[in-house]
């Protein structure tokens, strides 16, 4: 099989670098187009990132020689697509919201599907916000979005914020097993890589906790409702439950968001062992389709009393699984647990790649 | 005024060192007796701690020359008390529970009041567990304890676990203002100094969070109920509310426990501004008595969006105040906030000294 | 005595905040003028720093209400000086070198002495670079500088880079005791606060060491030669020795630069005990004059095998002493030791204040 | 090819766990025997390490079910060897020196070769101390050792301390290229994993540097002389040069020792570009033999101005390469550079495995 040529918008930023690194050796996709800000345009990717590469893992030598394009210049991408050199783009744009909205629209209008990691389009109501294991059926919004906007091939899908990934899949597995989840109080302890680069100043976080991350609590409380919503009249109608209270904190951890969760069920309440079994056995469409980026198990249940921990569990199963542990009864609600996921892989570039794999298998990226 | 001669049991351990450091220059108390394990006994305090002193601040040069006594040998302390050289002891013993119970009993029986930081006697039902600003009236249990045990001068009081200090005083201030608190979900992010020395291995906590501290959640959920209890028949009868769910985590912070708190009121609910005012204006007996170790304000309300933070706020007001911030409505319950206190000062040695000051002013240490 | 009204240029940056904090309650000086970038000008100091105050310690409430001036507008400062409201300024300007050169010149030309922490004028050859304990006599350059430049009251003095403070005073004490120092190989492990704010990204330094700090090695190798130089024809002629090789590293420490030093003497070589005695007994002009910011001992000799350490020793003696330890023979050269100083106090604002105190006592700030 | 059955002594400690993890999937060796302290003996390896496994990477499921043997009971190992179930052992024993000496002797006497990571036998003069790329010819001491001790199949080889690995191979490459190295001043910044588990208390190292590691400077100064020595009369006669001064520090880094090095050549001095070329092109016996654990390049030259760094470079080339950077002239000596190696892989278990691979290819483990 010939590989599908893909592009990365915002390829020099932190999330962009993660895409480039994770796509090295991908069995289906090959990075063939990299775009960034105008001041990087025209240089080779290698030149632009040398001395500024942020990750321990490296990237595909072929990408090193690609000329960086200006991400604002959609016509260059359209031309590449016309030559069969670009099938779709991952958007890791770091600009203000209005600019991202305009640009992602521009790419889609030019016939280039956009699989976005940016937050700009998360609340656009005809744009699906996908976690491949949770709401793959929301991809069905794509043809409706295309019809409404008059787009032929292009479309936009987004993925949610990294902060919710440590508990959203476990919550979904419970819902899918037939247990209503009414209320959640969650506290997150989030890694500094979630703030990008340069991101959190070291003076703010060594020997410290910062109990505030701008906008993060709102996202953590609202995005799950869209993900759990239903398609109605070409839009997502968001779910009414669960009600979520999120306390978001920054901690001195490089990668891996940890969440402590207290959760209230509806009338029907599973026992602790049942929860453990539901999570251990949970598999979803990415696993059935054996998507390359899919973890073997979307949820890894840890039985040790002191796990999961970021520096021991974040890299489990390609850094794509959600590790849960400390599953126990809650004196106030019904269930308590600790969830952990790798924020720049599962919660960002890896999740985006998995979405693209899903869309490809569903035929949207033909 | 001549200073009252006091002793420190477990004087070479981490909490003991904190007592020694904080008592340097104390206006009422003078460390005159230091006791530790048999292997330190007979050496000067200076020799035993040289190269093993854990704190940036030093201690009183007079203490350096004290001969360390064997903490197991109560008769030595009784003799010192007989000579007027020891009025009471702070217990920072680090042994197993049974040994501490026996030893604290022994000192009290020998006529030496024990102001303890150890957890052993926290659930002894005729032993008051004091936070000086919250339940000073529980000191009235002392004469009943003495009567029941046949002790003349000796008695035992304890202080609660450090993990609850970041939210207990704020909760109490709300109760005292007439607002019932029914349920609390709290997540703590606790400093490594809370585990003593050597305590938490660096391999476990650099670039990491450990979502488990043995026994800490139980203490955090139950101790408040004793503190809020009432004296009945010479014992503390614990309160029925609030119901607490505590998630306790260790984070890479040297000093300062941070807590995120979601809280449900009874029928009568204060507004956010009212909460802010209640906390800002809260003063208690230690403030009225102007106790030397008492903070000017038991609760410091921070208005910045990203405070309190351990490395900026833990040392506020002699490291004895509880800093609160991010006071806001909770989507699930009624109120959310972040609380912070210095675990080895407010939560350990400083709190113990404040308890002793209170007892002295109430006449129990005459 | 009425306090001398002083100003701080760059008062909102990290070094500027340190000046403001350290000058709170100063017995001689009172902050009466604060200047920063144009976008802060016209607002109260409190407004500009609220939520952006970087230090655990606070500042003088009177400063909170000062209106921030535009640091580029020298005429405002000149007018304040004319009204007797400003005697001299501390410069903590953070701009590019050319702008700082022009501005510091401007203030001095307007009759306002500039005690600078900036690096711009360090190599201006008629500007003395002072460590109060090492080369106070270089202040004698001031009248020559004024004469050459046609300035009446104004002048410029600077202080050296923070990286050299951990070994420069010990080296000087040896020189003063009559021991020639020929060669030094030094490795520094420098705190993140040395890079200002936002400074070092947390992603670069958690669980990491960065073995490079731009320009720092050159400063560490050359500045000592100016400090040890002599005044000739109205300029500093730099010394020829010692020859220094500096390896500068950034480590995950908030405050406190540590240096490991190997040092070669000339023909006359002191024994280890002699070195220890020289350093223990070293006192200099600031100590004789009992300057308020002067440490009791410029050098604190630690005898424990594992000291000095940043988080235990940086705050010793008002954070103004240099702690040395591990004094021992060097297999390659003659002497080895570890030096430590607080980079933002001794190495920056505190050192600047001490310089101003020295100049005041010498009559240059009359 | 059938795999060679190997044992790990001290299999539950930190270095032992590293051996178990690194040997998972090894093409030649299969862990078939695990031994630890008597209190672990008789349990399955899984049981003993569950909740106490220190590494992010896991281990071979077959090992999980092995029964842990008592490391003190050599007869059990001898019996396993007799049954063909154990060909040699890796020693990661953590006991006092005398016990290790006796035990390693015991295993060797029983016919079981010992490839040791322990320091006990490093200065036994008929025991070779091997870095596979530096002194593989010292393996020729093995038959002499066996003859002198009357051992048939058993023997002991050791590897040197982790602290020297970051500069020893680069120094060797220069020597081999014909440049005499006379003197070295080196400062190490060592990871906490070097101290084992529990090792360095977090209270000692968060926001701190500890400028002392017991015994480490002596090892760093002396071990290179044995490695560079020659075989004379059945013993290693240590080399006379280079003269080394080592300053060893502990820093808040999980894995990866960094060293800053200043180095003096003899009369013949290479230029900087020549050094760069010598290191880039250096290959040794493990590379020629294509040993499984050998890095492609023993030395990786980094050209960025701020590399190598522990958290970006420690895992390069199977964590077995030494990364060097900042190659530049030294104002005091001739050459300066920064070296970095992974202390628990290259510097411990990985280096031990590479030694075993070398010995196997040389026929000593037939």
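The letters A, B, C and D name the chains in turn, as written, and every chain counts its residues from 1.
Basically, a residue touches a chain if its C-beta (ideal position, glycine included) is under 8 Å from a C-beta of that chain, and two chains touch if they have at least 3 such contacts.
This structure is a prediction, so every number in the text was calculated from the model and none was measured.
The chains in contact with chain B as well as with chain D are A, C. Ranking every chain by how far its Cα centroid lies from the centroid of chain B, the top place goes to D.
Averaged Cα coordinates give chain A a centre that lies 41 Å from the centre of chain D. With each centre defined as the average position of its C-alpha atoms, the distance from chain C to chain D rounds to 44 Å. Once the centre of each chain is set as its mean CA position, chain A and chain C turn out to be 47 Å apart. The residues of chain A that reach two or more other chains are 206-207, 252-254, 305-306, 311-312, listed in rising order.
Residue ranges on chain D touching chain C, taken from their complex, read 183-185, 187, 189, 206-212, 214, 221, 243-245, 247, 249, 251-254, 258, 260, 262, 305-312, 325-326, 330-333, 336, 338. Within the complex, the chain B residues that touch chain D are 54, 192-193, 197-207, 252-254. Residue ranges of chain C in contact with chain B, taken from their complex: 50-51, 55-56, 206-207, 254, 304-306, 311-315.
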